[in-house]
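Labels for the chains are A, B and C, by order of writing; each one numbers its residues from 1.
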Amino acid sequence: MLFLKLARKKLLEALKEFPEYSFYTPKKEGERVLLKETSPDGLPEDLRFERSTASAKELLFPQAETMFYFLRYKPSQKPVLDEGKRLILGLRPCDAHGIQALEANFLKVEPIDPYFKRRRENTLLVTVACLEFEDNCFCDSLGSGPDRLNGADAIIYDLNDAVGVLSNNEIISQRLKDYAFQIQEVRGEDEVEKGSLPQRTVEPLPILSPEEYLSLILEEKLWDKISSTCLGCASCTYLCPTCYCFDIQDINYGPAGKRIRTYDSCMFNLYTLEASGHNPRPTLKERWRQRFLHKFSYIPYLHGILGCTGCGRCIEVCPAGIDMREVIKDVAKFPR
Amino acid sequence: MRTDDLILKCQEAFREKELDLFLGFERSSSGFLKPAVFTSLESLEKISWDPSASLNLATFIPRFKGKKVGIIAPGCVSRSLVILINEGQVSRDRLTVVGVPCQGLIERKKLGDLKGVRFLDSQNGKFTLQRGGQIVELPLEDYLSESCLDCDHSGPVLYDYLIEGSSRKNPSGNLEKRVKALVELSPGKRLLYFKKEAEKCIRCYACRQACPMCYCESCFVESSEPRWLTAVPEVADNLIWLLTRVYHLAGRCVQCGSCARACPEGVDLMSLLAWANQSVSELFQYQPGLEIGEKPALGEYRLEDPDFFWGGGLTEGKKCCS
Amino acid sequence: MEKFEPKIIAFLCNWCSYAGADLAGVSRFQYPPHVRVIRVPCSGRVNPLFVLKALYEGADGVLVSGCHPGDCHYQSGNYYARRRLEVFKKLLDFVGLNPARFKMAWISASEGAQFAQLIREFTAEVKEAGPNQEFVREKADLVRFLNENR
């Protein structure tokens, strides 16, 4: 892992070392902040970007993608892979945590997902350490920010007159080397100079162990209370950086067809509905239990990282005003 | 309207009618009201009502079949309840309505950068927000949702208990004007406009879930045989979703704006809904949700209904969008 | 440019309009061949989604036809259809669909000549409106794939 210090101007200059990559940054458009392709010339020198409305997952695992085309009686399952090279700049450490959770699911266990794999290989993720907290985020309670590298290829720290870049990626460290005035071999975030980091005044949220959360699985009253006003829409799961469930459909045209995958959501009735008509998760109580325990018990248990990044998007969009922070507190308070 | 009166009245209703549960709002950690299900007299002390609420509470009613339910209802919610009763989704004797006055609800998308800020209070046409140590006072009128600005039934039409207070008057007519402006555009421009709106949709179905009239246990989008549309959020598919939902609501929608406020992408649902309702009201002289026992407009017919069919009576002189 | 030959889907009620089309056939009335007939039990059976689905799959025009008011085999099916389809048509017009693409009609079992006349008129209107690009589903990639692999 390398830590490089660069003058501010040099960092923007260094972007021309990545000619084969197209640049993506969060950009405000109307009420929404979208991850859009931009030219590397027009980047803000202070490297302050707004948090994107949808998480970075949409660039690596889009809402809808074609998996392969086929002809009737002549299946050719050659996957349609996205070969575009992208450098995504200005994400937040929590976004990188989300990508890490997706990697754990798509790349760390068989079968490995070829679509995500190719996109991830072709993508350089560069995050910027947060200078201030948003109204709804809580990464500090989860240990996923605001200064962590997480699943990113590099993180940029604001050191007032200069910037520090911490990177574990060969391409980035090699190409930035000539622009840096100081290079240091380090083992992690804790050994480097990070400038000023935001301070939280409220008490951190109580996070339990995966086993402790799992012990609550049969507490119907708890899940009933949490889910009582949930509407069962999918705005939280679609915008969540770590939700990776998808559905598969075939779309036909004459003898030709394509297989596509689109986001699915565990909050939908259809998600677990069986052909017989039986639904093992018939009400929102079971669906909420699944969503919560998946993020806070199953993913940590299987992959060793939390399935929640603390980005606060679900809090912002929930039409019923359900606040994940309150849910975390309610669960921790429940007698075990 | 004082919150104390509201609490006492709701508790009185809960006790007298021996209710199983009560639907209302309580304050969330951000200060904005969020829906809550109250199951005891003590818990009702947290019940509250002001313009920071967003959902139409009637959307929860079909969930509690067979239970005795209480609910606080401004004009739009009470009209939704009337329709739910007319359509057999809830029986009147299991429902206890506490009517509340309504000054309109805040559209949080209009708050822009302030949307994550703490909501403090609303009084006399103003509301206050707090960010850090800073307190901002804003005029309610500028931040109300479009449907509330246009509301012509702000007071409850159906109630068992009533909280006195003043409701919003003088509908702005802005939505009507906006619809009219759209009608005056050329069809090509209208199509472009609605395609652009449809492009935003991510098909999370928050609009459907937030709508009290969308109570179907299985929605047409979930049908796999026939499959009406794919799950890919492309324009044509999204248009089928939006149009069919709007069509299903024609003459049933009370224009509470619950769907528009719930939409995370800010799709213009209100102009479509307003147009559908306006068509039904012009063609069949029908206003949804005002009278118990009435049938939905598209669930009945009259012999003398206007007839624009080829070979029928009124083919001549028919114009688009007239 | 190739001459535009529109695709028209017609939902005809079993008891009147379908018989009317049949009569047009046995009476040897000439009408353009662009129309594909789908027989439905009653005009009241026509779910507006049928219309949207037809346009979505690439139809250039959609016709719904049933018994004249008062003649419905099921007493009132066409009265319901009259209300519903009128509102639906207004909605389609509002979002900017060319009004020529969707037509509703009354044709009785004895109106073979009128059926031929209706199809002639409707086909001309749809031809004038041109190919449906308003509501049609995105399938360029599938067409390309099919052409490459034929």
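A few comments on the model shown:
The rule is simple: a residue touches a chain if its C-beta (ideal position, glycine included) is under 8 Å from a C-beta of that chain, and two chains touch if they have at least 3 such contacts.
What you see is a predicted model, and the numbers here were worked out from it, not measured in a lab.
Across B-C and A-C, the chain pair carrying more C-beta contacts is B-C. Nearest to the common centre of all protein CA atoms is the CA centroid of chain B. We define each chain's centre as the mean of its Cα atoms; on that basis subunit A and subunit B are separated by 33 Å. Note on chain placement: the centre of subunit B and the centre of subunit C lie 35 Å apart, centres being C-alpha means. A straight line joining the Cα centres of subunit A and subunit C is 47 Å long. Multi-chain contact residues, meaning those touching two or more other chains, occur in subunit B at positions 230, 234. Among the residues of subunit A, those touching two or more other chains are numbered 251.
Within the complex formed with subunit C, the subunit A residues making contact are 66, 69, 71, 74, 251, 253-258.
Taken in their complex, subunit C has these residues touching subunit B: 48-49, 52-53, 56, 65, 68-69, 76, 79-80, 82-84, 86-99, 103-107, 111, 114, 118, 121, 134-138. For subunit B in complex with subunit C, the touching residues are 182-183, 187-194, 220, 226, 228-230, 234-237, 239-240, 243-244, 246-247, 250-251, 272, 275-276, 279-280, 283-284, 297-298, 301-303, 305-312, 320-321.
Listing the residues of subunit C that touch subunit A in their complex gives 139, 141-143, 145-146, 149.
Every residue of subunit A that touches subunit B in the complex is listed here, in rising order: 30-32, 53, 63-64, 134-136, 228-229, 231-235, 238-239, 247, 249, 251, 260, 262, 265, 268-270, 312, 316-317, 319-323, 325-326.
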